[in-house]
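You will see two complexes here that share chain A, one where it goes with chain B and one where it goes with chain C.
And then the complex of A and B:
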């Protein structure tokens, strides 16, 4: 009954929109009454993307939230258990210990990546913004090249570059250090590899923003006797504030969603001994298990982990977005 | 008119012949491309015995096999026949209706060992044909041993002395990896089999002792004693790196499963190797072995494919398949009537050693403490790595394993 009503309504809607677009007399009187002509045309074009978004984004989100309130292991029965998964996740020492251990690693990754992407990225972008610099084109490509490789591929390549017996790094330094295997070198190594890959992209973001700053400001500053450093401090940095905040937000989302490279470099167990475990690898193990634990802790618990990550990332992202909207800079 | 009729009849005959000649495919999932390559002989033998059926082996990454199989079966696009790990996997699949019981479709099941069938059963019915038992020796390079004047050790102290002599002579004693599943399935069980008595293991399963007992702590201490003799950089070596290192003669020994015996020759056709059982504290040790996996059959098959899959299962359950798997994959006997006539000498001797010195009480993988999450085997893997990396002490490791049991 409801399905038939939906189909009939949609049919009248589209017929009305089509008739409007071709300037023929409207057939769908219902569509005419409810929506303006412009809105109907807009919705017609938006509907395919909305359908894809619903199927591939919204539906998995919603089902994941639903599963997080069940004891489902991925096969068999699914029983509603309320907030038990969340309670276990944050009170059971084994689970909460691993969650906070992984969270700590993501937070460190975010902090270090800020140094690379905003610190180094902005510095290199300011250098590259000098049009008199020879080889600008080459440097732009060179910095961006690492980002071209998908993170999984880059991770597997780096695994061999860092190999203790045949790796290039150990050949150059004439050592046999197991960079990805020692307790105190594994995580810093993964973080550096991750940052080296993404920094190039942010250099280009900053460069584009710097080049979009009107030369009028610089001309006026030079008339007032500013050197390049003062130009950067008084003109570039204030006008780049929205870009810096946006890149901080992107960094934050990427850092807390990092998975591919960690999986490729050190596996799903967060080896060695949890030193490279991040929230996404923790989620994967919890939801899908490992060789020795076929069903993990179950998809229900895994969904609870995923939802906890999503809640945190969305909450912080909303704060960042408000900051971005509140900091326009005008001269 | 006559010509048209003749042409039509000819066309019908051709269509009929083509249909008759078409084979029914059975999709079989196994873990690893190497397994697929080594199963070429099995595939040929099946197709020779059943010309109208065609077995198509599809490799899936071993580390993700559980997830891939579960997702495929849950989504209704699973394979026809597939590896299924020991319980809880077949029990959960059976409860969900994904796999069929095999007792009525494979008469040979009645001749299998009850304990092996139990590991693949649900509510008293077997849901898989046992595929292989796996055993865990120490492989060693006899040429390296002879060149350094050492022989097979008979006690734990002698074993450490052999390692020290090799190290003093500049030879890497033991190739090793830092992979979680290798720690839980290979490294720790090899030591535990020689250090834990049958009586202690029975008490453990009965609940009279737990993992914090000094006997279990001692297994971690023994691993600590082995650590100085691991290959340099072992912390970042993969399982394959470890095997290649041994196959190429870059290390004198490696702890590995029986399945690697034919694999070493694919890595280095001149590889030289033999095996011994890790000795215990006071004398000869025991070799840990267990059922590795079974063959399951999808419960949702078209009648034609179901018939072919059942034929394949019956073939797998018989001694012909057992002989071929022994010859090509170095697997130990599980099919009733298999004598390993075709297997390499090392496989036959390993089978005899398993019968003479084997221990199969399952304290870890597939054992009674692995039915519910969190599993003891995953905890053993993690804690073994933790001890070898000096992150935790043996006593802490044992306590963590017991904590895992307490939380089940």
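And then the complex of A and C:
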């Protein structure tokens, strides 16, 4: 009996027939599945990607959680210390102060850039959606430009533009303000520079959705006596709800992941005096250290910081994804 | 024609609001490009001119600034490293991504859904937060401070995006061509290489363009994993250069312009692909 199934499986294996395996006993089906030609093809195509992704993304994610419960510094002994890192992170004033300080900056960045993006993004998308507008292509290319340029380079470019001695901004206003060095101007300046970079992306996002709204709705609204403003209020905005949610999520991920630009503008320490510190720079310092503190706080503590940020970002992202899937497009 | 005045005023109003629209649109375009244009011009100035005034054009265009950054600043080496990492990452990602997408969208097998979700989860996870174990892993593999280490990380981190875009695109392709090919006796590898890859070209272009931007522009990964200066990518090199030539803004700006030139040139040639690709891509 077993031999028969074996032969059948082998035949199947070589012929690659997998469709007719319904009436086989369990062992036969198992053999079919494990040995089927189809499965082997699938594995050949899938394994390289699966392996590299598992080794370099999935496995590190899990180990990150494990490390966060140890006092490991990267070499030598690794002791499990339970929740100690987390307790220290949120109770020890030195650590928790920095965590909340950085978190506050990310949150403000997110909030302000939301006003910027929904305000400016939507306004410019509506202006660009004018059907008789000439040169829309040019404007799209121009507005999108800052978003594709390396944020690090953009940071240095802005450092030059805002330079207290040789910067254009100070020359135009005849001032000598160290925009990025003063306690009260540093953070607002960084936020504005950051917003200018991302707004282009959101303009194009909105524009694509606005242009995809069927003209039937607009014509119907016109017949009912709507002017352009009413049309925006009653037609565009309700239909843009999913886009607005998408952009909120995108902006959330961008704002809480911001690194390069902050690094270029004010350095890894979030100068001056942590006024522009964000979670990613804080995480980098904790894990890998700086010139003043070469080993940071150790890899265990670094992992705890990473996990605390990751949990927050993932949780909020999932809530947003839920909302996006639930939002029905009316009309 | 009975009321020429009102017609004229309507026309004027129309033209006026039209003009206002263009003024606003152009003003914002200027604002977005202005800093980069300023820096481009200033990168050709001498040190003295730079410190004299920001708004004047350079009297002599100093190409030496670029020569200085390229040779003494070792941007030639950084540039080569960046090109190497970016090209290999894109090629590797397109090959692995399209293969996986082919298996996931053209074969029905047990666990397909789970594997798909497993990959898609990577779209939500902020990759940077997992770098500590990756650091240990690369150290144990002897790939720390190596461009190949960077490439492996970039491929792994951007696979979810590639697979997401490519499986979605596969669903829009008709299956009849493949069925005909099977009838003609073509094996899965020939079908993949000779039929599907050419059909996938638009989606591959999208993925390629987005990954180009992500990899080329990235500072974080090389900052964590690269130590020796001959292996710096452009972004890391620029940071280092900035630290070395503090105050010498004519050099720093020349170096900055070198880092963004390739991006700008590619963007101007294929702006449509860039815009399309990056408005679908969500960076972790």
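Just so it is clear, the second predicted complex is superposed on the first by the 279 of 331 C-alpha atoms of A that agree within 3 Å, B and C clash if a C-alpha of one lies under 4 Å from a C-alpha of the other, contacts with A are read in each partner's own complex, and residues count from 1 in each chain.
As a working rule, a contact is a pair of C-beta atoms (placed from the backbone, for glycine too) under 8 Å apart; a residue touches a chain by one contact, two chains touch by 3 or more.
Please read all numbers here as calculations on a predicted model, not as lab measurements.
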Contacts of A:242 with chain B and chain C, given as first, second, both or neither: neither
First, second, both or neither for A:288, with chain B first and chain C second: both
Chain B versus chain C as contact partner of A:171, first or second or both or neither: second
First (chain B), second (chain C), both or neither touched by A:94: first
Dominant toucher of chain A (residue count), chain B or chain C: C
Which superposed partner A:163 touches (first chain B, second chain C, both, neither): both
Touching partner for A:74 - first (chain B), second (chain C), both, neither: both
First, second, both or neither for A:188, with chain B first and chain C second: neither
Touched partner set for A:57, first chain B, second chain C, both or neither: second
Chain A residues contacted in one complex by chain B, in the other by chain C: 74, 163, 165, 288
Chain C partner contacts - residues on chain A that touch it in the complex: 33, 38-39, 41-42, 45-46, 48-50, 52-53, 55-61, 63-64, 67, 74, 124, 127-128, 130, 133, 138-154, 156-158, 160-161, 163, 165-168, 171-172, 196, 200-201, 204-205, 208, 249-250, 253-254, 256-257, 259-260, 263-264, 280, 283-284, 287-288, 299, 302-303, 306-307, 309-310, 313-314, 317-318, 321
Of chain C, residues touching chain A in the complex: 21, 24-25, 28-29, 31-33, 35-36, 38-39, 42, 50-51, 53-55, 96-97, 99-100, 102-104, 107, 109-110, 115, 118-119, 122, 124-137, 152-153, 155-157, 159-160, 163, 188, 192, 213, 216-220, 223-224, 234-235, 238-239, 242, 249, 252-253, 256, 259-260, 263-264, 267-268, 271, 274-275, 278-279, 282-284
Residue ranges of chain B touching chain A (in the complex, touch as defined): 62-63, 65-67, 70-71, 73-74, 85, 88-89, 92-93, 95-96, 98, 178-181, 184-185, 232-237, 241, 365, 370, 373-375, 377-378, 381-382, 385-386, 389-392, 403-404, 407
List of chain A residues in touch with chain B within their complex: 73-77, 92, 94, 162-165, 176-183, 267-269, 271-274, 288-298
